[in-house]
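Before I ask anything, here is the structure I am working with.
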Amino acid sequence: MNEIQVTSGLLLAAALFMLGLIGVLIRRNIIFMLVCVEIMLNSAGLAFIVAGSKWTQPDGQVMFIFILTMAAAEVSVGLALILQIHHQLKTLDGDAANSMRG
Amino acid sequence: MKLWLIPALPLIGSFILIVAGSRLSKRMVAIVGSGSVGLSALITLFTGYKFISTSATSFHYQAWQWMDVAGFSPAVSFHLDALSLVFIFVITFVGFLIHVYSTEFMADDDGYARFFAYLNLFVCSMLTLVLADNFALLYLGWEGVGLCSYLLIGFWYTEEKNGYAARKAFIVTRVGDTALAIGLFMLFQNFHTLNIQQIAAQAPQQWAVGSETAMVISLLLLGGAVGKSAQLPLQTWLPDAMAGPSPVSALIHAATMVTAGVYLIARTHAIFELAPDALMIVGIIGAATLVLAGFTALTQFDLKRVLAYSTISQIGYMFLALGVSAWSAAIFHFMIHAFFKALLFLAAGAVIMALHHEHDMYKMGGLKKKLPIIYWTFLIGASSLAALPLVTGGFYSKDQILWLSLAGEHGNIWFFLFALLGAFITSIYTFRMLFLTFFGNEKTHVGHIPGNGITIPLLILAGLSTIGGFIELPHSFGHFTVFSNFLNPVLPSVSVQEGFESIEWMIQLIAAGVALSGVYVAYIFYIVKPGLSEELKTSAADLHKFWFNGWGFDSLYDKLFVKPFVFISDINKKDIVDLFYDGLVWISNFFNRIFSYTQSGILRWYIMGIVIGGILLLTLGLIKN
Amino acid sequence: MILVAFIAVLMIGGVIAWITSQWNSILSRWISLIALIVNFVLAIFIWIQKPTIESSNWIVQFSAQWIPSLGVSFSLALDGLSLLMVLLTFFLGIFAVLISWNEIQERVGFFHFNLLWVLAGITGVFITMDLFLFYFFWEVMLIPMYFLIGIWGHENRRYAAYKFFIFTQASGLLMLLSILGLYFIHGRVTGTFTFDYFQLLNTEMPADVARWLMLGFLAAFIVKLPVVPFHTWLPDAHSQASTAGSLILAGLLLKTGAYGLIRFVLPLFPTAAAELAPWAMLFGVIGILYGASLAFAQTDLKRLVAYTSVSHMGFVIFGVFAFNELAMQGVVMQMITHGISTGALFVLAGTIYERIHTREITSMGGFWNKAPFMGTIGLIFVLASLGLPGLGNFVAEFLTLLGAWQANQVLTIFATIGVVAATAYSLRIMQKVFLGNFSSDKIVPDLSLREKIIMVPLVIAIVWLGLFPQSVMNTVKQMISAQFNTEQIISNDTENENGSK
Amino acid sequence: MQLTFYIAGAVAIISTIMVITRFNVIHALLYLVVSFMALAVVFFILGAPFAAALEIIIYAGAIVVLIIFVIMMLNLKEEAVDQEKKWLTPDVYVGPAILTIILLSELIYIISLGGASGVVGQVVDVKDVGKSLYGPYILGVELSGMLLMAGIVGAYHLGRKKKKVVHRFLEKIEE
Amino acid sequence: MEVSKINIIDVLPGIFLVTASLIAMLSIAIKRNHKLIFGLTTISLLGVFVYLLVYASNHRFTVEPLFIIDGFGTFITGLIVMSTLAISLLSYAYFEQREERKEEYYILLLLATLGSAILVISKHFISLFLGLEILSISLYSMVAYLRKRPRSDEAGIKYLILAAFSSAFLLFGMALVYSVSGSMNFSGIADYLSSANSLPLTMQAGFGLMIIGIGFKLGVVPFHMWTPDVYEGAPAPVTAFIATVSKGGMVVLLVRFFTQIDGFRFPVIVLSFTIIAIASMLIGNFLAIRQNNVKRILAYSSIAHMGYVLVAFLAGGRLGVEAVSFYLVAYFLTNIGAFGVVSILSDHDRDAEKIEDYQGLFWRHPKIATVFTAMLLSLAGIPLTAGFVGKFYLVASGVNTQLWLLVFVLAIGSVIGLFYYIKIIATMFDKSVGTETLALRPRLYLINLITLFVLSILMMFYGIYPQGLIERIQDFLK
C-alpha cells in the first residue's frame, strides 16, 4: 500500500486547478488573476507529470517543461501589460477595465 | 354579311371621339356620335329586311377566335336571330333617337365629346351583349354596359355624389354579375362550352325537368339578371343612377341596359324551362318588384326618380312574364316599354332642362301651355305607361302579361292580383306625375324652349309607342300575332290553361278599368283636391317614409354589408398581420438586450461564462454517459 | 447564345451606364434604354421566328460548364412561359428607364446599374434551368432591388428596403435547403450529383421528404408572390420605392414567385403539390379577399395599388393549384396582365407624385378636369384592375376561375366574390383621384409626351391581351399541356364537340 | 512514500488557499512559493526529479521573483491592501465558489470513476527526459525558443516606459 | 531520433518564418526602419507562399512525432501565409500613421503566423500546445500594441488572462486524455479509442475541457465573450489577423483532431458541438443586431460564422472538409477585406469603428464603400461573392449528412445576420446627414487600396467562378 494511485495525483491536480480557478474568479486585482492563472497552469503541469509517471514516459515531463516555458513568457508579457495598465488607469482593478461592452 | 358592322360602327365612333374628341368641333362630334349609331340603325334595318325576306332562322358571323384553351374556345362571333333582332332594332333606333336628342340636350356641356364617346361605347357593348353567340362574349358586353352605365352616371363627375351613385351602380350590378359568372362556370363544367346555341340544344338532353343543376344554374343566371335589371333584391342602384344626364337615363336606365336581364333569361329560357321552380322565383321576384317599386314611385317627388321606380316596376312586369313562360310577351313589353319610357325620360329631361335643372315635381306645374309638344308627347308616354286601353302600346303589351299571368300554363291568381295592383298603382303615379308637372300653376319659370333636336325624337318615339302596340293584338281583338310569330323560332309560344280562353275579354276589361280608375284617383288627389295627398302623407308618415326610401333596402344593405366591410377595412388599415412580424423584430431585440447584458466588459464575468460553459459541457457528458 | 446575350447585355450595359455617368448622366440613360430595347427586339425576334412550338417545349437552349465538381452548369433554356416572361421583363424594363428619366436626378449611373442588374437577375431567373443557377439569380436580383428601394425611395425607404430584403432572403434560404436536399437525394438515388433541372425532374423520394422539400421551395415563392400572411413586405416596398422600382417590383419581381411555382414546385413535386392544393387554394382566396379589404382601406395611393397586387396575386396561387390547363393559362395571363396593369398604375401614381408631391388620395380629386388624358389612362387601368372584359386581366381571372371551378367550387365562389371587392377598391381610386371637385391650389399638368409614350403602349398591350390573348396562350400551350397530360384528354373531347364552328 | 505525497499535497492545497485569500500581494506570493515547493516534493515522489527541480528554479525562483519585481515597481501601498479587503466580499466570492465546487465535484467524480486507474511512482529521470527533449521533441524545443522570443519582444515593446503617460491620463479624464 | 535532412526540407516554411523573424529582430537592433522591416516581412511571406505553390503537393508525410504535412495542412498554410501577407500590406499604412514604434509588430506578426502554421500541421499535443501558445503570446502583444490607447491595453489584458485561463483548461484536458490513452499523439489516441469499447469518462471529461480551450480560440458560445472587446480594442489589422489566421488555424486543428480520432462516434461530443454551434449561430447574430460599433458587429458576426463552420465540421466527411476549406478561404478574404476597410478609414486618433463614421461613405469614397459593401454581402452570403459559395458549401455538407436542425438554424442565423450587414450598408448609402462634419480624416495609401481591390476581385472571382478553387481544394485533399 505504499503506492500512490493515479487518481490521487489527478485529484490533487484538479483541486489545485480549481483553487486557481476560484482565485481568478474572485480576485479583482489583475496581478492576483495572473498569479491564479499560473496556479492553474502549474496544476495542469502536475496532471501531465502524473500521467507521464503512470505510463513511465518522459513525455509528461517534456510537456511540463513546455508549460513552464509558456508560463514564463506569458507572465512576462502579462506583467508588462500590467505596468501599462497601472500607468493608464492608476489601478489594478480588473473590473475597472470595462470601457468596452455591449 | 355586315353583321359585325352593327356593333363595330359605334365602337369606331367611340374610339374616334376618345382619341380626337377634344380636337373636333361640336358639330363634328355630333355627326360622328349620332352618325355612327344612325348607320348602325340603317344596317340593322337592312339586315332585318334580309333576315325576314330570306326567312332565315339565324345569321352568324365570327370575327376572330377570342381564346382557345383546353376546350374553352369562345370566339368573338355574333349570332343574329329573331330575339336579338328585336333587341338590336330597339337599341339602334332608340339609341339613335336619343343621340339626336342629346346633340341638343348636351350642347352646352364641356364634356360633349366624352358624352358621345361613352354613349357610343354603350351602344356597342349593348349590341355585343345581345348579338353574342357565346356567354363569354355576352359577359363582355354585359360588363361593358355596366361600365358605360358607371361612366355616364358619373358623367358630371365634379359632383361627388354622382361619383358615389355611379360606383354604387357598378358594384351592385357586379354582385349580380358574380352570380352570373359562377353560373357560367357551372355551364362550362356541364357542357364544356359556353356557346349559347349549343347549350340550349344540349340542356334538355342532359337534364330532366326539375334537375337540381339546372335549378342552381338558373338561379345564378337569375342573379345576374336581377342585378342588371334592378329587380329585388338588387334594385337599389337604379334610382341613384338618375344622377346621370337624362338621355342616359332614357337609353341605359330605361330602354336598353336594364332590360339585359330580361334578355338573358329569355335567351336561356331552355335552361329555365328545365327548372320550373326557378321560373317560379323569377315570377315572384317580378311580381314583388313591380308592386314594391310602384308604391315607392307613388311617394317620390323627384321627377326622374319616379320614372326610375316605374322602370323597376315595369321590368318587374317583364320578369313576371318570363316567370310564367310568356317569353314573347316579355319581349313585347320590353320593346314597347323601351319606346314609351325613353319618351318619358326624354320629355322629362326636356322639362328639367327647361326649368334649369329642377327635378322636384312640386316645384313644377302649368307646363302644359309653355311646352305643348313636350306635354303631348309626355301624355302619350304616360298613357302608354299607365296602359290606358286601346290607343296605347302599353295597353297591349301589359294586357298580354296580365292575361298570361293568370291564364298561362305557369300562371296563377296571385301573380295576376299583384300585376293588377301594380297596374292600378302605375296609373296613379303616372298621372300624379303628369298632373303635378304640367297642370296647375306655374311655379318655376321656363327658360330653355326645346328645339328640333329634342322635339323630333320625342315625336317619333311617341308615334312608336302608340303604333308599336298594334303588331301584337290579343285574341279578343283580332288575334294579330306578328310579333310572337316572329319570335316563335327562338322563343316557344305559351300555351294557355284550359278554360281560360273564354274569359280573356273579362280580364281585359278589368285591366282597362283598373288603369282608368287609377287615372281617376290621381285626378281626384292632384287636380280636384290637392290637399288630400298631403293629409294622407301626414297621417301615414311612417309608411310614406318607408316607401319613399324604397322600402328601406338601402339602409338595410348599408348596415348589413357596406358598413361592416368599411369598418373591418378601416380598423385593419395597418394590416394586423404586420404585428406578427413586428413581434419577431421585438423578440430579436429582446434577445439582443438579454445577450448584450452578458457582454458587460468585465473580465471576471467573461471568465464566469467560460466556467459555466465548462460546467455545462461536463454535466452534459455525465448525463449522456 | 442568345440567352446568354440577354443577361450579358443587361449586365454589361449596367456597368457601362455606371461608368459613363461620371461624364454624362443622360448618356447612361440612353445606354440602358438601348440595352433594353436591343433585348426586347431580340426577344420579339425569337417570338416571331420560333420554330413550330408544337415540336418541342424548348425554343432555345444553352448549356455550359460552370462548377462541374458540384454538378452545377450554366444552363439556360427558353420555353413558351420563359419567353413570355422575358418579353414582359424587357417590355416593362424599357418603361422603367423612361419613367425615371426625370424622376431620378442623383446618382443616375448607379441607378441604371442597379436597374439593369435587377432586370438581369430577373431574366436569369426566368431562363435558367439549373437549380443552383436559379438560386444564384434569385438572390442576384435582390441586392440591386434593395438599392433601388433604399436609395431612391421615399421617406420610409430604409425600413421598406430592410423588410423586403429580409423577407425574400429568409424564404430564399429555405429554398436553398430544399434545393440541396433534392440534389443529394437525386445524387444518392442515381449516383449523379447535379443541379440540372431536367435530370432532377422525376426524382424518386419518399412522400414526406417530398413534402418538406416542396415546402422549402414554396416558402420562397409564396413570399415573393406574395401569399397572405407573408405579404407584409410588399406594401412597404412598393409604396416606398421609386416609380421604376415599384414598376419592377409589381410588374416583374412578383412574377418570379409565380414562375417558380409553375416551373419548379409543380413539376418537381407533383404528388406533394396535389396534396397541398386545397390549402394553397384556400390561401389564395384569403389573399384575394384580404388584399382587397386592405386595399380598400388605404389612403396612400401606392400602398393601395400595392395591396391590389396582393389581391391579384391571390389568383395566381389559386389558379396554379387548381391543376388544370384552363386555370394555368389564366395564371400565365394574370402574370402578364397584372404586370402591365399594376405597373401602369404605379407609373400613374408616380406621375401624380411628381406633380403634387404626395401620395395621399385624400388630397387628390378632380384631376380629370385638368388632366383628361391622365384620367382616361387611369380609368383604363383601374378597369383592368377590376377585371373588365375586353382588357387582359379579365381573360386571366376568368380563365383562372373557370379552371378553378373544376377543382374547388366553394373556394371559387369566394374568389369570385373577390372580383366584387376588386370593383370596390378599384373604383375608389377613380373616385378619389380623378372624380370629384378639383382643389385649385394644385397644378396638375396633363401627361407629357414622354409619359404618353410610356402609357400608350401599355394601354395597347392591355387591350390587345384582352381581345387577342390567343397568341400568348399558344406560346405557353405546349408547356402547360405537357404538365397536364391527363387534362389534355378531356379537353380534346370537348374540342371535338366545339370544333364545328 | 504515500504519506509524504499526501502531506505534500495537503501543504500545496492549503498554501494555495492562502494564496487566493491573502489581501497583501507579497504575502500571497510567499504562500505561492510554499505551494510550489510542496508541489516540487510531489513531483519528486511521482518520479520526476527533473521537473521538481525546474518547479523550484523557474516557478518559485524566476516567475515569482519577476512578479515581486513588478509589484515593487508599481510601488503598491497600504491602501492596496484595504482595497483588496473591500473587493473580497462574500457577494463576490460566493457565486464563483459554488460554480467552482460544482465543477470540482464533477471532476472528482469523473477522475475517481473514470478509468484513469494505475499506479505512479516509477522514476523517469533527467536522462530520459533529456533524450526525449533533444530527440523526438527537438523541434518542440526550437519552437519553445520562438515562444520565448515572442514573449520577450512583446514584453519589451509593452513594458517600455512611455513618455506622455501622465498627459494621456489627464486627457482621459478630460473626456 | 535524429533530425534528418529531409525533415528540414519538410518544415522549410516554418524555418523560413523563423529566420525572417530573427532577421527582423536583428535588423531592428541595428537600425529601425519601418519600410525595411515591412519589405522583409512581405518578401519572406511571399517567399513561403511561392515555395508552397511550387513544391507543395498533396503528398502526405509525417515529421514524427509532432507534425503531419498533408494537402489539407499545406493548403491552409498557404492560405494563412497569404492572409498574413495581405494583413501586413494593410498594416503598413496603418502603423505608418501612428507614432508608436512600429517594427516589433512585424516580428510578432511573423511569429503569430508561425504559430498558426504549426497548429495546422500538428498531430501531437505538444506541437498543438506550442503552436497555440506562440500564436497567443504574439497576439497578446499585438492586441495591446498601440500603447497610446487605453482600450488597446484593456483588450490585451483581457485577452491574455482569458487565453491563459482557457489554455489551462486545454492543458488539463490534454493531461486527462493523456492519462487515459498513454499517448499524446493523435494517432495514438485514435488507436486507444478504436480499441476501447466506449469513451472512458475521464477521457470524455478531458475532451470536454479541451473543447473549452479550443472553443475559446474559435470564439464560439459560451466562450465567445472576449471577442467583441478584443476586436474593438485591437488595432484593425490585428483584429483582422485574430478573426482570420488565428481562428482558421484552430478550425483546422479541430477538424484534424476529431477526424483522426473519429470523435463523431461519440454522441456526447457531437451533441456538445451541436449545442455550441446552434448557440453560436443564434447568440452571435442576436448580439449584433442592435450594435453600433462596426468592429463589434464584425466580432459578433464572426461568432456566428464560427458556428456556421461547425456545421460543416459536424457534417464531417470529404464534403465537410472541403466545405470548411472553401469557407475558410472565403471567410479569410472577406474578413481581411472588411477589416481592411476599417483600417484604411482609421486615422491616427482612433479606428473607424463607429457606424456614424460610415454615414454616406458611398458618396465620399465610392470605391471603398463598394468594397465594403461587397465584403458585407459576402459575409451575408449573397451571390456573386465567395461568401455565398462558401455558405452554400456549408449548407450542402450539412444537408448531405442530414443535419437538418443545424442547417435550419444556420438559415435563421443568416437571416438575423442580414439585419446588421444591411444596417451598415444602408448607412453607407444614406446620404442624408453628417457628410461634412466628419471626425475621421484618414490618409489613403495606394497600397491599401490596391490590396483591397485585389481582395475584392478575388472574392468576387471565387464567387462567380469557384470551380478553380474547388478543384484546387479537392486536389489537396486527395
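Order of writing sets the chain letters: A, B, C, D and E. Residues in each chain are counted from 1.
Criterion: a contact is a pair of C-beta atoms (placed from the backbone, for glycine too) under 8 Å apart; a residue touches a chain by one contact, two chains touch by 3 or more.
Please read all numbers here as calculations on a predicted model, not as lab measurements.
> Using the contact definition stated above, find the chains touching both subunit A and subunit B.
A chain counts here if it touches both subunit A and subunit B, which gives D, E.
> Which chain would you call central, comparing Cα centres to the global Cα centre?
C
> In terms of CA centroid distance, which chain is the most far removed from subunit B?
Relative to subunit B, the chain whose C-alpha centre sits farthest away is D.
> Where the centre means the average of the CA atoms, what chain is farthest from subunit C?
Result for the farthest chain: D.
> Starting from the mean Cα coordinates of subunit B and subunit D, work out the distance between those two points in Å.
100
> Any idea how many Å lie between the Cα centroids of subunit B and subunit E?
Using C-alpha averages as centres, the distance is 78 Å.
> Between subunit C and subunit E, what is the separation of their C-alpha centroids in Å?
Distance between chain centres, rounded to whole Å: 43 Å.
> Roughly how many whole angstrom separate the Cα centroids of subunit D and subunit E?
The computed centroid separation for subunit D versus subunit E comes out at 30 Å.
> Can you tell me which residues of subunit B touch two or more of the remaining chains?
Expected reply: 596, 599, 601, 603-604, 607-608, 611-612, 614, 618, 621-622.
> Which residues of subunit A are in contact with two or more other chains?
6, 10, 14, 17, 20-21, 24-26, 28, 33-34, 45, 50-52, 54, 57, 59-60, 62, 66, 70, 73-74, 77, 81-82, 84, 88, 94, 97-102
> Multi-chain contacts only, two chains or more: what residues does subunit E have there?
126, 130, 133, 137, 140-141, 144, 147, 150, 156-158, 161, 165, 176, 179, 201-202, 204-205, 228-229, 419
> Which chains are in touch, pair by pair?
Contacting pairs: A-B, A-D, A-E, B-C, B-D, B-E, C-E, D-E.
> Per the contact definition, I'd like the list of subunit A residues that touch subunit D in the complex.
For subunit A paired with subunit D, touching residues are 1-12, 14-23, 25-29, 31-32, 34-36, 38-39, 42, 45-46, 49-54, 56-62, 64-66, 68-77, 79-84, 86-88, 90, 92-93.
> Tell me, which parts of subunit B touch subunit E in their complex?
My answer: residues 588-589, 591-593, 595-596, 598-599, 601, 603, 605-607, 609-610, 612-614, 616-618, 620-622, 624-625.
> Mind listing the subunit D positions that touch subunit B in their complex?
On the subunit D side, the touching residues are 95-96, 99-100, 102-103, 106-107, 109-110.
> Where on subunit A is subunit B touching in the complex?
21, 24-26, 28, 33, 94-95, 97-102
> Where on subunit C is subunit E touching in the complex?
65-70, 132, 135-137, 139-140, 142-143, 146-147, 150-151, 158, 161-162, 165-166, 169-170, 173-174, 176-177, 180-181, 183-184
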